[in-house]
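Have a look at these structures, which come just after this line.
Next come two complexes, and both contain subunit A; in the first it sits with subunit B, in the second with subunit C.
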Partner chain A sequence: MTDTTNMSAKELLGFYQEELYEEARRAKKEGKLVCWSASVAPSEFCVAMDVAMIYPETHAAGIGARKGALDVLEVADEKGYNLDTCSYARVNLGYMELLKQEALTGKTPEKLEKSPAARIPLPDFVITCNNICNTLLKWYENLAVELNIPCIIIDVPFNHTMPIPQYAKDYIAEQFKEAITQLEEICGRKFDYDKFLKVQEQTQRSVAQWNRIASLSGHKPSPLNGFDLFNYMALIVCARSKDYAEITFKKFADELEENLNKGIFAFKGNEQKRVTWEGIAVWPHLGHTFKGLKNLGDIMTGSAYPGLWNLSYTPGDMSSMAESYTRIYINTCLDNKVKVLSDVISGGKCDGVIYHQNRSCKLMSFLNVETADMLQKENHLPYVSFDGDQTDPRNFSPAQFDTRIQALDEMMKQNKEGVSNE
Partner chain B sequence: MFTMGIDIGSSSSKVVILEDGVNIIAGEVIQIGTGSTGPKRVLDEALSKVGLKLEDMAKIIATGYGRSSVEEAHKQISEISCQAKGVFFLVPSAKLIIDIGGQDVKAIRLDSKGGVKQFFMNDKCAAGTGRFLDVMSRVLEVNLDEMAEYDARATEPATVSSTCTVFAESEVISQLSNGVAKENIIAGVHQSVASKACGLAYRCGVEEDIVMCGGVAKDLGVVRAISKELKKPVIVAPNPQITAALGAAIFAFEEVRGANI
Partner chain C sequence: MSRLETIISELSSISNNPRKAMEDYKKETGKGSVGVMPYYAPEEIIHAAGFLPVGIWGGQKSISKARAYLPPFACSIMQSVMEMQLEGVYDDLEAVLFPVPCDTLKCLSQKWKGTSPVIVFTHPQNRKLEAANKFLAEEYRLVREKLQTILNVKITDEALNQSIETYNENRKAMREFTDLAANYPQIIDPKKRHAIIKARFFMEKSKHTAMVKELNSELKSLPVEAFTGKKVVLTGIMAEPNEVLDILKDNGFAVVADDLAQESRLFRNDVPSGTDPLYRLAKWWQEFDGCSLATDAKKSRGPMMMDMVKGSKADAVVVCMMKFCDPEEFDYPIYYRQFEEAGIKSLFIEIDLETTSFEQTKTRVQSFSEML
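Let's look at the complex of A and B:
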């Protein structure tokens, strides 16, 4: 067993990411169950039943960040998936097709062989939840049909009004019970409620450390760059119900606090302006977007996206757990979305906002025009939006991005220097 | 003191040389843009016109799509800020700028001091840009500089409803083959361009004075169509293609004098 005691947070992040994939590959070899799961579907049930988990959205992001998306996107194109479909879905459905071909023929397709992402085993069943989008329903149904495996769906309705009514929480809690029944059938054994409680408690400890990291971007200058949260997000998605996430996040938060005390900040040099980034990262162009801001003297200290995994609830209370999985800001009405973002912007002490008009994520993008307008009336901060995509590199134009963020930077500078009085 | 602004766009290259921050002593345009010989040629032309050398420039600022490839520049500033600066210098009453260039359409709202208050621009689609007009000019066999005259003679503007440039081209071809007069088609093309730009302008908030710049501002048919759509007069900036380069030259002057944006 590897000694992780002296590892830095960055080393722990890499180690545990690989460990999770290795556990899934080992489980498959040993004939144990492997589940592919949506990123904000409750992980607690499967972890309580010792099912090895793979998270296709994180895996797809990894493929995108390592410049391997086009190969698998082409496979999805050939299968007839429309370019308008979410690129996480297309990358994963393309990747699944390659794994399926390998399983059926015994030969590894060339595109799979040279894929830069970690190899993952095919699932024995899938679990999905529509609390972050409805594409996940059809995506996972397709996986289940293509592979002839069970699909557990947890229905979490959209919150058109806030606060969340009790009947909605009751309904979702019933969905949880139904998922447990399905899981018992798939696993062929009774659900372990004692272990489930321990997993819930572990999840809360992971979430607490995650929130501890996120809160550090409120310091000015900030010891944390929001782009780091995009990287560490892999573990809040894939390991929040294990101690891997808690250990790594605690280490990272400790490191950041130590840096803060020593006067070491995320922006090497003089942090000049702070921005909120609304939306998912542009994984294939992560370096370009990060450096683009850095070269202007700007740091990202606000992002509502990592907050999707602020899944705080009371262990042992299904209604409380239901509430945490439905209150995610993109599963709520425009007014609440604006409120959440407003808190993110003020919490990060931001000078401007960048909206990612993400061709993949309709839910996060289509409300941006109205959201931006409402927020600017409230906070008078400049904002820009740019066209992009989370994993399809063809939907992003570096030059268009550069022009917009440079103009935003100039507007923020103008505001900070008081050149403008409006 | 001389300062220079260089605006390298997608389809044209522009240079302005400014004397003491107020006198435009050179304002040159070459109708080819980034990646071509245009940037070097326009630079040489501007300098030779006034008998100056690069070394005579106290500061050079580049802007436009190709701004980062201008080796002679000391700094780059976005075309949004430069347009605002240049237009406000020429028309101090300007509140809203509509800038249509080769591949961009922008609406820029100014504050009372000429700073950028808000801006919106087209994203991945080139509909309503100079390229759109180029395509239509070719298929209609009417030169770009004649389109405004044709438009003025229109009796019943045709409808060009497709957003996509390629589909709009097919629509125009279909109208031509159905015998619709070129004058009416061109008026329809101009309305189509106007509707894209005005959509962005509405988001910015329409307030007079409205100033148009960019290469497309030379097509008075588009200017009339925008004015009609907004129901307000539209001022065409003097020499509308060089306003961003002018803004860059003014920024350069201000920076040398110790003022920053």
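Let's look at the complex of A and C:
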């Protein structure tokens, strides 16, 4: 076993990401079960049953960030997937198609061979949850039917009225029971309730360290750049029910606190303005978006997106667990969504907001106009939006992004100098 | 004009003029209308309150005001609904019932730009579990409570069970109609077929049923003539604007069955029997299959459509793809592959309510017709 004691948080992040993929590949080789999972589907059940997990959204983001998306998008395109659908889904369905071809023919397709992303094994079953979009239902239906494998569904109904009613939590908790029955059937053995409780407790420890990191961006100047959270997010997605996430996040939070004490901040030089980024990262152009802000003296200290994994609940209490998985801000009414974002903006002491109009994500785009309007009435902060996409590099224009953030920067400057934007 | 022609003309006129239908209803009953957004809202609850449920399906429209509130990649139907909200088209509605079975509708339910109160409810998607029925019955209970308050009427279980019977009667008549229409394509062309079905959205259902039943018996009395054109099944959200249906007709196509969310998907199943009306309505959703908006890990839509093709002796399927409708777009690659494997021919046309130019559709339909 590799000794991880002296690794930095960054090294741990890389190490455990690779380890997770390796575990899945090993599991497949040894004839053990592999599951593909939606990013905020409950991981506790499968981990309690020692199933190796792969998270296609994270994998797709990785392909995007390594500039490998176009090849697999083309495969999805040939299968009849419309360019208008989610690019994570298309990347993954394209990739799945290549894996399927390989499994059927014994030959590795060229596009798979040269894909820059980690190799992943085909799943034996899938688990999905619609707390971050209904696309995850459609996408996983297709995976299940294309591979002829079982699909575990955790449906968390859209919370049009807050607070979340008990009957909604009851419905979700009943599905947890059903998921356990399905898992027992798939695994061919009884569910391990003792281990499940331990996994729930582990998940809570991971989430606590994750929240500890996120809260550090409240310091001014900030020891944390929000873009780092986009990177570390891989482990809150893929390993929150294992100690990998806890270990890495604790290390990172410790490092950041130490930096804070020493007066070392995320922005080399002097952070001038702080922004909230609303929406998913533009993975294929992550560097451009990061540098664009940096060059203007701006740092990202607010993002509601990593907060999706603030899954705190009471272990042993299924209703409490149900609530944590359904209360995600994009699964709630506009008023609550605005409230969550408002806290993110004030928590990060932000001077402005950037809205990502994400071609791939209708749910995170179609309320941006109203959200921005309501928030501005409340906090009087300037905002801009730009057109982008989480993994399809063709739907982002660097020039438009630059112009928009320059305008935001200008407005934030004026605000700071006391000139009103209204 | 024969009785048959008169009925068709009356239903077509209602389907083209919902506002007049609302006004007539008000004159007759003194009661107003409640809007029903797509998809699969329990209209029966509105009917039981004595109000007129009115389907909201957008319309052929150029989009300008809605651009400020929706990016161009929102589906065509919601673009046009948003445009009409901003024009105040729906402001005479007493309330609007708003289901949210897709991400676009979740967002739209939070940004109604008209003046009517909006009642949002969520369909469960893990539909085959008993817990889903309980959840949905509870959502419907809240819908009923909200409607009672807004409309200031009591909606009893008894009235609701009666409304369910009225609706089931209509569903039965509609199934008979679509079966009959397949035998009389010379009389029921694609546009007429659509209008007769669409009139359901703007009429008190027992009235619609009575007219459709009469129409059915008129049709049955006529001899079935040989049809030399091609028979197709339509699938998708809807097959509008009318120009699309005219193009089908002009190229000798008859619609012999449909799998459209605006048409047969609404009446291919009855609401099951039982005593608790809200539970019965919830159970309908559980039994319903073959729609992109009703999660189904078995994806039975393709096989269901293949049965439809077989049962109606259709020559092909016409995919009416609502522009930017991601649930429908996700279903397409799966059933397309299944069609290919089964040797069923299909034509893909894009449904865009904003467009006024149909040249591309015309060309595609023409060449498809030649290919068959």
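Here is the rule we go by: the second predicted complex is superposed on the first by the 419 of 422 C-alpha atoms of A that agree within 3 Å, B and C clash if a C-alpha of one lies under 4 Å from a C-alpha of the other, contacts with A are read in each partner's own complex, and residues count from 1 in each chain.
The criterion applied here is as follows: contacts are C-beta pairs under 8 Å (C-beta built on N, C-alpha and C of every residue); 3 or more make two chains touch, one makes a residue touch a chain.
Computed from a predicted structure; not experimentally measured.
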{"item": "Which of subunit B and subunit C A:Leu13 touches, first, second, both or neither", "value": "neither"}
{"item": "Comparison of subunit B and subunit C by subunit A residues contacted", "value": "C"}
{"item": "Contacts of A:Leu367 with subunit B and subunit C, given as first, second, both or neither", "value": "second"}
{"item": "Which superposed partner A:Met412 touches (first subunit B, second subunit C, both, neither)", "value": "neither"}
{"item": "Touching partner for A:Val353 - first (subunit B), second (subunit C), both, neither", "value": "neither"}
{"item": "Partner chain(s) touched by A:Ile280 [first = subunit B, second = subunit C, both, neither]", "value": "neither"}
{"item": "Partner chain(s) touched by A:Ala41 [first = subunit B, second = subunit C, both, neither]", "value": "neither"}
{"item": "Contacts of A:Phe386 with subunit B and subunit C, given as first, second, both or neither", "value": "first"}
{"item": "Footprint overlap on subunit A, where subunit B in one structure and subunit C in the other make contact", "value": "357, 369, 387"}
{"item": "Residue numbers on subunit C that touch subunit A, as the complex places them", "value": "68-71, 73-74, 100-104, 106-111, 120-126, 129-132, 134-135, 138-139, 292, 295-299, 321, 324, 326-327, 329-334, 336-337"}
{"item": "For the subunit A and subunit C complex, residues of the former touching the latter", "value": "79-82, 84-86, 89, 130, 133-135, 137-142, 144-146, 150-151, 153-155, 157-158, 160-161, 165, 167-168, 170-171, 174-175, 178, 333-334, 357, 359, 362-363, 365-367, 369-370, 387"}
{"item": "Interfacial residue positions of subunit A with respect to subunit B in the complex", "value": "357, 369, 376, 382, 384-387, 395, 397, 399-400, 402-404, 406-407, 410-411, 413-414, 417, 419-422"}
{"item": "Subunit B - residues contacting subunit A, complex", "value": "65, 68, 76-81, 111-113, 115-119, 121, 123-124, 203, 260-261"}
